[in-house]
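There are structures below to look over.
Next come two complexes built around chain A: one with chain B, the other with chain C.
Then we have the complex of A and B:
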């Protein structure tokens, strides 16, 4: 390409238009409907565990349970939505029409990413809100029942809860970028979903391998494991506290590091997805 | 914009496209050594049987596929570059669009991608939807459209940013004769506005009526190219259409012609073409259904 090739500048505006359309597809194809079911299930199970009368440890339980649900369903939603929203363009051949417009494939891919990221963001926000509501409700109840356990006021750090929700959102962003990278070269939706789940497991468990090999293995093997540790993002870093929102507060500078960590991975993996998509035959 | 060669809208040189069919390296040659120039301001027909490489050629022109060899330029800009598509509108074959958008939203989406903004946006969207005769269905979801309506909304989307070159891959497939005639009219109107149109179609009669120039592909190779009037015009013949003549008068006419050195080549009963009959009987107005 000649240096003057670039007469159509990269446009954030087009990127956002693609993202908006992707988000609209998720809304109109009723991708959010399952959220309602999930919310009902969560509230119902929180009621159910109340029977055991855990006391204030019940709050920790609700918090862990809620975040567990968020991680599990959020990961599923991220992978399914990314693969679906990408392949609906390919399979319905709408990609043909849009890529025949003066648009960069970078704008298309990052537009898709941003659309999915917004969908997952809505999911995380609603889940965090729901969880905070549940905790607040239960905490208020417990405070009247056992005032002696709450002499220093409320024990839940609601601000931390929000920070943790946002970190999960960023983690899903990295996962969406990974799914998009796989989708950019694969031919089917199913393959993409299966491979992405595989990657999800690796990213969640890679720290185990790193810890295990750090002690025993020979130097080359240890280096290899180290390198792999950088290639695959470590999803464990997004879980800042063992007990979310309960106990001592979060360290803001650590949280900030995690944000940067996530953004770097999203940028690099997204860039790879663009590179791989740029030579794809539509 | 200044182009060194302003006369060519599309320039294809020695274009070859192979598709690899499997991992063992078996290839299918979809387009072979194609050299073609589409002059600006003309309606150009790309013809050929199924699988002859028409759609593949179009996708290469649009930068959707990379050529295996050779080059392709649109208004002098290589197809791989994004700016080669600035002045191009494209209707894919058997189009299918975001079914969750309404017709209006769909055209608006593409218009915004092409940089149509502000006050012009709504006016322009309404205008092209009216052109293709879908005003009555513009608020309905595209998912509920019939095949012909999809073609029309596809045409609207291709025209919305007022491109200089319009590429239509079988715009009349699945469209009824009334609609096909309307699309022909629209194409001729575009031509009077100075646009270049590249069109593929299997309806040869229709192509013949609207194209200035045609190229015929067969198994990826160019086998014929030229101006329509040169290719199909028979200048050494003339047809006279008269009231029914009694047999003896016909004999007289033959003699009259013979004394002047002419022969009567054929006597036929002219028949109305079925599509013309259809057009005269079917109502033209409510297009695209009512609201």
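Then we have the complex of A and C:
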């Protein structure tokens, strides 16, 4: 909290102003447009990559490919945009101007977070819409060609597709919070980006550490691996896309648990970013 | 308030951050664990031991990015190019990596096991100077080794396809064609026949192998029970007119491959061999 902020109460309005400004800055960036176009091109080209498909059903392949593009480019966008938008304020000294006003550092950090979260939300919504359109188009074609394979109606559950898009969005929210936490104590944009990518990989492979600690004989080493397993959130719980295109729908209670899991982590890691940033000298 | 030891500030912040993350992770684990169990059961779990080879080869980003299917497909293309060069260690390693990355398609399991069980023994014998140079006992040992590798590999596939008749059939084929173990092969054909959506020939081959093993009474009982379940051509099928050409072709193909007349013929042969009394003979 800036010294002057001691005198004013926390304001949701100021937080929304910071978020709105962050969102506008982000969508004006070339990076956002570039990644969005690249991701759209990749999802749209999924039909051409079918030639490389050996095992999965065609619709499953397109769905996997689309979510692959969403996760890959979404992660890149989240990390790059969060780091860039945070450090642009520090490097351009605008953070000094903003924090000299009666504004809480909590408002600043969570404003940044919400701005990036909204940008990533737009990205996820567009990608989900495109993927759903592509799958619907291809499924309709296949239904005409092979009606016997669709005796029980459509295979793709389009509502699940939307839920999956939302879960990916929440995962990017956790990733944005992690990036902000790193940015809150880091001195450079590059360090933040590299560290955040490492964190992304670690959070995806966290479950392997959990598997490993059950096999480790040495007690101190087992405890260390167990603690490491607690430090990082498990990003694989968001990976429900495997159920799309195989006939069985998503379990609503599982999806709800994942939503709560993501919100808890966003709250805790965001809070830690505020704590770390509050003791930082700008 | 300024700290007396500003250099310790970063350490203090770091310790607090890690402590809170550990506490959160510990507190949330009981909430996350049941969800994670469900998620993990639904998705093809990437196992630690089988993934170690794959992770070292630059596929991490592809896997984490969700491009599992396409990464596995590209590795399968690479497997085939190594197979063309008869590079045994690399082909065998890549076959296992492909199914570690994406264990969902049966195609990888079946074709991978065929390379291991049928092609690799040939490569090993050729590498040792050819069939004339390698004594038959040694050839048999090589066949047995490769077949064991293929069977173990296919057994791993049950973790992802527990009720797949195709995997049971593939194991049965290896026992029958490579290891010449008719008794064990028969058991696997039997298991295949018991699975949902099993092809009709699994049950037919099981009956045939029972006959070959000299268990003619069992074969007779099995085929008698099988025959009424087989689809047969009914000339006056009223619904035929309403079906599309593709549907009719598909049904004709199923009827043809079910080979009901051949099964009936085998039942009658067994009746003769078993000297079944006229009044007890099977009637269609």
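FYI, the second predicted complex is superposed on the first by the 243 of 282 C-alpha atoms of A that agree within 3 Å, B and C clash if a C-alpha of one lies under 4 Å from a C-alpha of the other, contacts with A are read in each partner's own complex, and residues count from 1 in each chain.
By definition in this document, contacts are C-beta pairs under 8 Å (C-beta built on N, C-alpha and C of every residue); 3 or more make two chains touch, one makes a residue touch a chain.
Keep in mind it's a predicted model, so treat the numbers as computed, not measured.
Q: With the two structures overlaid on chain A, would chain B and chain C clash, or do they fit side by side?
A: After superposition on chain A, which the two structures share, chain B sits beside chain C with no clash.
Q: Quick one: classify A:94 as touching chain B (first), chain C (second), both or neither.
A: First partner only, chain B.
Q: With both complexes superposed on chain A, which partner does A:104 reach: first (chain B), second (chain C), both or neither?
A: A:104 sits against chain B, while chain C stays out of touch.
Q: Return first, second, both or neither, reflecting whether A:159 touches chain B, chain C, both chains, or no partner chain.
A: In the superposition, A:159 touches no partner, neither chain B nor chain C.
Q: Just to be sure I read the superposition right, which of the two partners does A:14 touch: chain B = first, chain C = second, or both, or neither?
A: In the superposed model, A:14 contacts chain B only, not chain C.
Q: Check the contacts made with chain A and report whether chain B or chain C touches more of its residues.
A: Of chain B and chain C, more residues of chain A lie in contact with C.
Q: Can you report the vertex angle at chain A, computed from the C-alpha centres of the three chains with chain B and chain C as the arms, to the nearest 10 degrees?
A: One gets 160 degrees for this angle.
Q: Based on the superposed arrangement, let me know which partner A:224 touches: chain B (first), chain C (second), both, or neither?
A: Neither: A:224 stays clear of chain B and chain C.
Q: Quick check for you: in the superposed arrangement, does A:279 touch first (chain B), second (chain C), both or neither?
A: Touch partners of A:279: chain B and chain C.
Q: Return first, second, both or neither, reflecting whether A:28 touches chain B, chain C, both chains, or no partner chain.
A: Touch partner of A:28: chain B, not chain C.
Q: Pick one for A:214: touches chain B only (first), chain C only (second), both, or neither.
A: The answer is neither, since A:214 touches no partner chain.
Q: By how many Å are the closest C-alpha atoms of chain B and chain C apart after the superposition?
A: 5
Q: Which chain A residues come up in both lists, the one for chain B and the one for chain C?
A: Shared contact residues on chain A: 279.
Q: Mind pulling up the chain A residues that touch chain C in the complex?
A: Residues 49, 52-56, 60-61, 64-65, 67-72, 75, 147-148, 181, 185, 200-201, 204-205, 207-208, 211-212, 227, 229-234, 236-237, 239-243, 251, 254, 257-258, 260-261, 264-265, 268-269, 272, 275-276, 279.
Q: What does chain C use to touch chain A in their complex?
A: For chain C paired with chain A, touching residues are 9-10, 13-14, 16-18, 20-22, 24-26, 28-29, 31-32, 34-36, 38-40, 42-44, 47-48, 51, 60-61, 64-70, 72-74, 76-77, 102, 104-108, 244, 246-247, 250.
Q: Under the definition above, what is the set of chain B residues touching chain A in their complex?
A: It is residues 59, 62-66, 80-83, 85-86, 88, 90, 92, 95-101, 109-110, 112-115, 154, 157 of chain B that touch chain A.
Q: Would you mind writing out the residues of chain A in touch with chain B in their complex?
A: Listed in rising order, the residues are 1, 5, 7-8, 14, 17-18, 21, 24-25, 28-29, 92-94, 96-104, 279, 281-282.
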